[in-house]
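These are the structures, in structure tokens.
Both complexes below contain chain A, partnered by chain B and then by chain C.
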Partner chain A sequence: MSSTHAAIASAALPAGSSTAATASKALTVGIVGLVLTALGVAVTPDKHGPVMSYLVGITFCTSILIGMLMLILIHHIVDASWSVVIRRQFEHALSAFKWLFVLFLPLLVLAWVKPGFVWPWMDLGHELHGHGTVGTDILYQKKAGFLNLNMFTGMTLAFFAGWVWLSARLRKASFTQDLDGDIKWTFMNRQTAAFGLPIGALTLSFAAIYWVKSLEYHWFSTMYGVWFFANCIRGALAIGVIIMIWLWNRGDYKGVLNTNHFYSIGMLAFAFTVFWAYITFSQYFLIWNANVPEETFWYNLREVNHDGSTNQWWYVGLVLLFGHFFVPFLYLLSYKHKVVHSKIKPIMWWILAVILVDMCYNILPALKDGHGDSLPFLSLNLLWVLTSVVGIGGVCTWSYLKSFPTAKLLPIRDPRISESLTHHE
Partner chain B sequence: MAHAEHAATPPAILQEVKPAVLPRAVMVANNRSFSWITEKICGIIEGKTPTWWWVCFILACLVASFTVAGIAYLIATGVGVWGHANPVNWAWDIVNFVFWIGIGHAGTLISAILCLLRQKWRTSINRAAEAMTIFAVVCAGIFPVFHVGRVWYAWYLFPIPNSNAIWQNFRSPLEWDVFAVSTYGTVSVLFWYVGLLPDLAVLRDRFYASGNKLRSALYGFFALGWRGSNRHWSNYEMAYLILAGISTPLVLSVHTIVSFDFAVSLLPGWHTTIFPPYFVAGAIFSGFGMVLTLMLPLRAIYRMEDLITQYHIDCMCKITLATGTIVGYAYAMEFFIAWYGANPYEGFAFINRAFGHYAWAYWIMISCNVITPQFFWFKAVRENTSFVWILSIFVNVGMWFERFVIIVTSLARDFLPSSWGYYSPSIVEIFTFFGTFGVFSVLFLLFIRFLPIMPMAELKAVTPQADVHGGGDHH
Partner chain C sequence: MAAPSYGLIATFDTTPDLYHAAEKVRDAGYRHWDCITPFPVHGLDKAMGLKRSIVPRISLCGGIAGFCTGMSMIWWTGAVDYPLIVGGKPLFSPMFAFPVSYELTILFTAFATIGGMLFLNGLPMHYHPVLKYEHIRRGMDDQFFLVIETRDPRFNLANTKALLEKAGGKNISELEA
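Let's turn to the complex of A and B:
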């Protein structure tokens, strides 16, 4: 952070708006969460549960940041106006990408130290249920050019490098424009958006394939990247609203935001609720209808045990159907529910919770018992999911709060700031 | 209730707000007045029919006659006059159906989705795009209706049990198509018609004032007694918004169901989960290609550069670029997953597309749909309207080939090598499809001759002088 930024920004913030104390608290909470997760790994006889839960946590937090990155890029490419006043908060949050990379490192190290511990295909000697090992599996052999440790490591590094680099460019241009008001920064951000969107689309798609989909490496779906994108945007919008209300309650956004900002972001949240449902339904429906075993096994794992009995994941699927779609869909139909702070805030927390459940649904059934059945959803693993989210989320919050005082509350020299401040329906 | 309302005293940060200067493009250039807009739009209808219109109309009728002749021959002879033969039992009929239905989507996107997104630039092009939607649906409908062979049994498609009390197969996406397309066509006509009401009333009044009582009565009949009162406008705005809300999921569902025609099957190259959003993006892409193809000549002929400005062309080019790139993503993801899935049949289907007997079609598709829109990255290209028009033709061609590649290449090389074949269209098929461009052109020419091609009231609302903030940067 440059001292000039800090000096200018602090002068603009209202008295008592310091975020240093809150940042420290967030970091403390984050560290506690991470320590508890580490303890979980230490004390649990089968280490897989806490480690996979940690993967849920980091995928969840990364997805939210990717969503913020994509929203900023879309904002610039379409020369949007109403979202200018909110954009700055997303820019602060992007500072957490580098910390997410640091927090992903344990998984990368684990992949090298103990291949196959998280992603079974990394261990060629890994026993498959009923048909030999990964190394002798024809399906693995066909994919070995993509599913190998070197590629995984290189691609993961490339994903984070891309996100950190794009974030740095966006933040630099936006923050510097506060100082000099030069229009060239707006054009620079548009350029970043132009090449950043394809980069973002490809990296998020392949991150979803490598980190999540490849846990069941036999399975494939062309829709998977789009499903991940839908969750990314929904998570980003939810956190966006929560930040807006937090800053409103602090006094920072009073007189800055109006009802229409909440209405617009609420509408976007509604639209992406429908989009998520559309994507998720299409994927499920096409696989269910075709009924090809090489595809349906992924859903079967999430519905039935080897003896035909229904497992817990079937109910989790219903929670997703109703909780991830019907509840927010019906709730956000109401105008009041989008603009009244006390109404919109709970549904945004709810959306975040069901995104987390969706991540669990996609990741945790890879944990299997001796029969090849997925371990139940209601287990100690849920605790480790929560400690991971608290830990990683705490670090991200700390990063956001550390960045917060380094720039103005609003992009005061953005060419569309006046339009944003007078945003109306 | 904690509404987000302005605080009594403005926060200090607002004192520091000093936006960099980057004026918004105007929607109506050269500060044109309200009366100029009315005269410009109505003048097209009120003026003498230009010679070029007659030339185009006669030519379009001649081209349309190919469809009429092709269909008449088919009815008299049977579907054997088309080039279908095992294993390609679906070919140009479904290709042409999907092609035309896809084109229609841009009209609904512009009129409904851009309306919900409050994109003001849509006003100059939405009327013509909506008309395009309806005419495209008409052309699309020809193929499924006549491909049944004995067209007098086409009513079997509707949910009425036949004489043996046999119901339609409701599990077939082709049956869903019947409902989706007919609903889509109905709502599109309603949306278009509701938008026309204020302008029809303007024409009624103008013809009345000029003494043309017959035309005044005709436009008056269809204007449904519109008087432009506050109450009328209030109801109109609400109806328009509701129709936009209905049309948005409808347009997405139509092409989703069209994609299901293929994706619910087990055929390699068809059964892939990304088909629904990929088809929707492709439909919007092809639709914008057609909007550019139609609007650029109209703009030049009627000297409408002040109404369809460079900004409008920029926006259309950028949407074409965005959707073309999404389509490119889908192509790439399909190819990747065909390899990653390690299913040899799926892998073969895609390798065969790119390097098999139909490779020429595949590379035309890639060139037109993925490479062509990339030219729109460059401002110089977007500002060269002739070049944009040529590129838009490539988009139209590419999207027809996309459907051809998906449908024919997968069928021609199915699971049983002994049945493999090479499909070639018959002359009847070629003529029938060629003629639909005539059908479309006849309808579109009638539209521009007799109906206002732009919504006058909406255009006036986006002029600088209509801006409550005085035409400044605010809106």
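Let's turn to the complex of A and C:
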């Protein structure tokens, strides 16, 4: 049975030219998005809005790539079988990490040129609302060894170096095995997974802390890295399903995927929906229950203005509660919704959309007016969020499509390939 | 007088034999019949024309019941039966009722799943007519059996026997009820 599958699979290897056209289209769309974002920075009087929106975009796209990296590492460490058929697509996507680094550079340069513009703690003279400056703030002084420009720069460089390096190792081992079929590449990947998982866990947690959480450096939350991880994996799974259906419709994956592959990835998406809710609720619940001002202020910014009136972020929070948890949770309970292509695809796009809203919820309230209230959610910034996502996402898609014809559709000499092709059959 | 008959049992040597026989019996429209195999055979449920189990629906009901139990229990104890202000919190909030509701959702879902499964498959079952069949132990080792019950509306001793023979069944014999 496996031999017929393999025959179909090798017959359906991608033709390079068919993705080349799509790749250049993706690059064009990406560049247009980036140019529009740059235009947004140029025409907006208060440039904080578009720059923060760009931070939302790059965090969103990076989170998906990190999720793919973590999924491949988990795949290797547990010696998984069914996911062999989709692993290759994630490996192609990992090629985009270097471009994400290039696209992060403007923020890094900005941090040096105008310290405190994005992350207020970088400017020791930055006026805090009602109590002195950052430099005189005891909460900053105690964290200064961690929160300083050199650390931020070094860590950001280290994050990308780690991700690019791990990706290169995984891609090299997997692609080379296609050619020589040597089992040593499988063992190399397993070793990469063994030290790559702690590296991945630490870098993604610190990236979330430096890039996003430190926007409100007074805040404390020990759940933050895990919250980010949950979004990373959910985003990666969503893109994974979308790629699976795209390649199915193109014909590449016909005879390769069966119902059970969709069931398995759908179950993972369901499980991480619950995981996200567990982490996000726990963070909120512990802060709500303890009621300590150093922690509650973060949620207060996202619920009320200084005069006690409800602000827009309160409703965004409800959108997250229902849209990021209840809707996908109830929807993905059904078996059919996990295996029928036309049913699982819309919920995956939906999940991607709410992850973006979640990133907005965590980043954009750092933009404040004269009273220290968060600027509203519904504003022109949403446009710059969208142009950033289209821009950065377009470049990532281009990178994926460019890598796509450089290797076979499936890791055909992976020791578990036939087990994967006949998953639960 | 002969004892009432439970049905016909046929023996198969390989999984593909059984699989294709099951497809034939399914296509002939039988409803009260079963396959006996030493191990789970992937795809056999499809060959037998079995629909997906309704256990997940029972699980869902259990989960909803658990969630509602948790919420109403915390509300009743904290806000009705013995109102007490703790830590400046309201007498009832879904916030602190949530961990309890969440745990009860899982607990009741597990109960409903296990209970629903046992209810639907009739386990534990202390007696089954096939246990009287002398070769049935091979069904735990290296042989496969297909049983069609007499209570099936389509059951007809001669025709059913012919169907099983045509499907490749060996040693077709009648089972005592």
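What we mean here is this: the second predicted complex is superposed on the first by the 408 of 425 C-alpha atoms of A that agree within 3 Å, B and C clash if a C-alpha of one lies under 4 Å from a C-alpha of the other, contacts with A are read in each partner's own complex, and residues count from 1 in each chain.
Definition applied: a contact is a pair of C-beta atoms (placed from the backbone, for glycine too) under 8 Å apart; a residue touches a chain by one contact, two chains touch by 3 or more.
For clarity, every value in this text was computed on a predicted model and none was experimentally measured.
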| item | value |
| --- | --- |
| Chain B versus chain C as contact partner of A:18, first or second or both or neither | neither |
| Touching partner for A:421 - first (chain B), second (chain C), both, neither | first |
| Which of chain B and chain C A:333 touches, first, second, both or neither | second |
| Partner chain(s) touched by A:248 [first = chain B, second = chain C, both, neither] | first |
| Partner chain in contact with A:136 - chain B first, chain C second, else both or neither | neither |
| Which superposed partner A:289 touches (first chain B, second chain C, both, neither) | both |
| Partner chain in contact with A:412 - chain B first, chain C second, else both or neither | first |
| Most chain A residues touched (candidates chain B, chain C) | B |
| Contacts on chain A seen with chain B and repeated with chain C across the two complexes | 289 |
| Chain A residues within the chain C interface of the complex | 281, 285, 288-289, 291, 333, 335, 424-425 |
| Interface residues, chain B side, partner chain A - complex | 1-7, 9-14, 16-22, 249, 252, 256, 260, 263-266, 271-277, 325, 329-330, 333-334, 337, 339-343, 377, 469, 473-475 |
| In the complex with chain B, residue positions of chain A that touch it | 12, 14, 81, 138-139, 142-143, 146, 177, 181-183, 186, 194, 198, 201-202, 205, 209, 220-223, 225-226, 248, 251-259, 261-262, 274, 278-279, 282-283, 286-287, 289-290, 292, 294, 339-342, 408-410, 412-419, 421-422 |
| Chain A contact footprint on chain C (complex, rising order) | 42-43, 52, 56, 60, 87-89, 95-96, 98-99 |
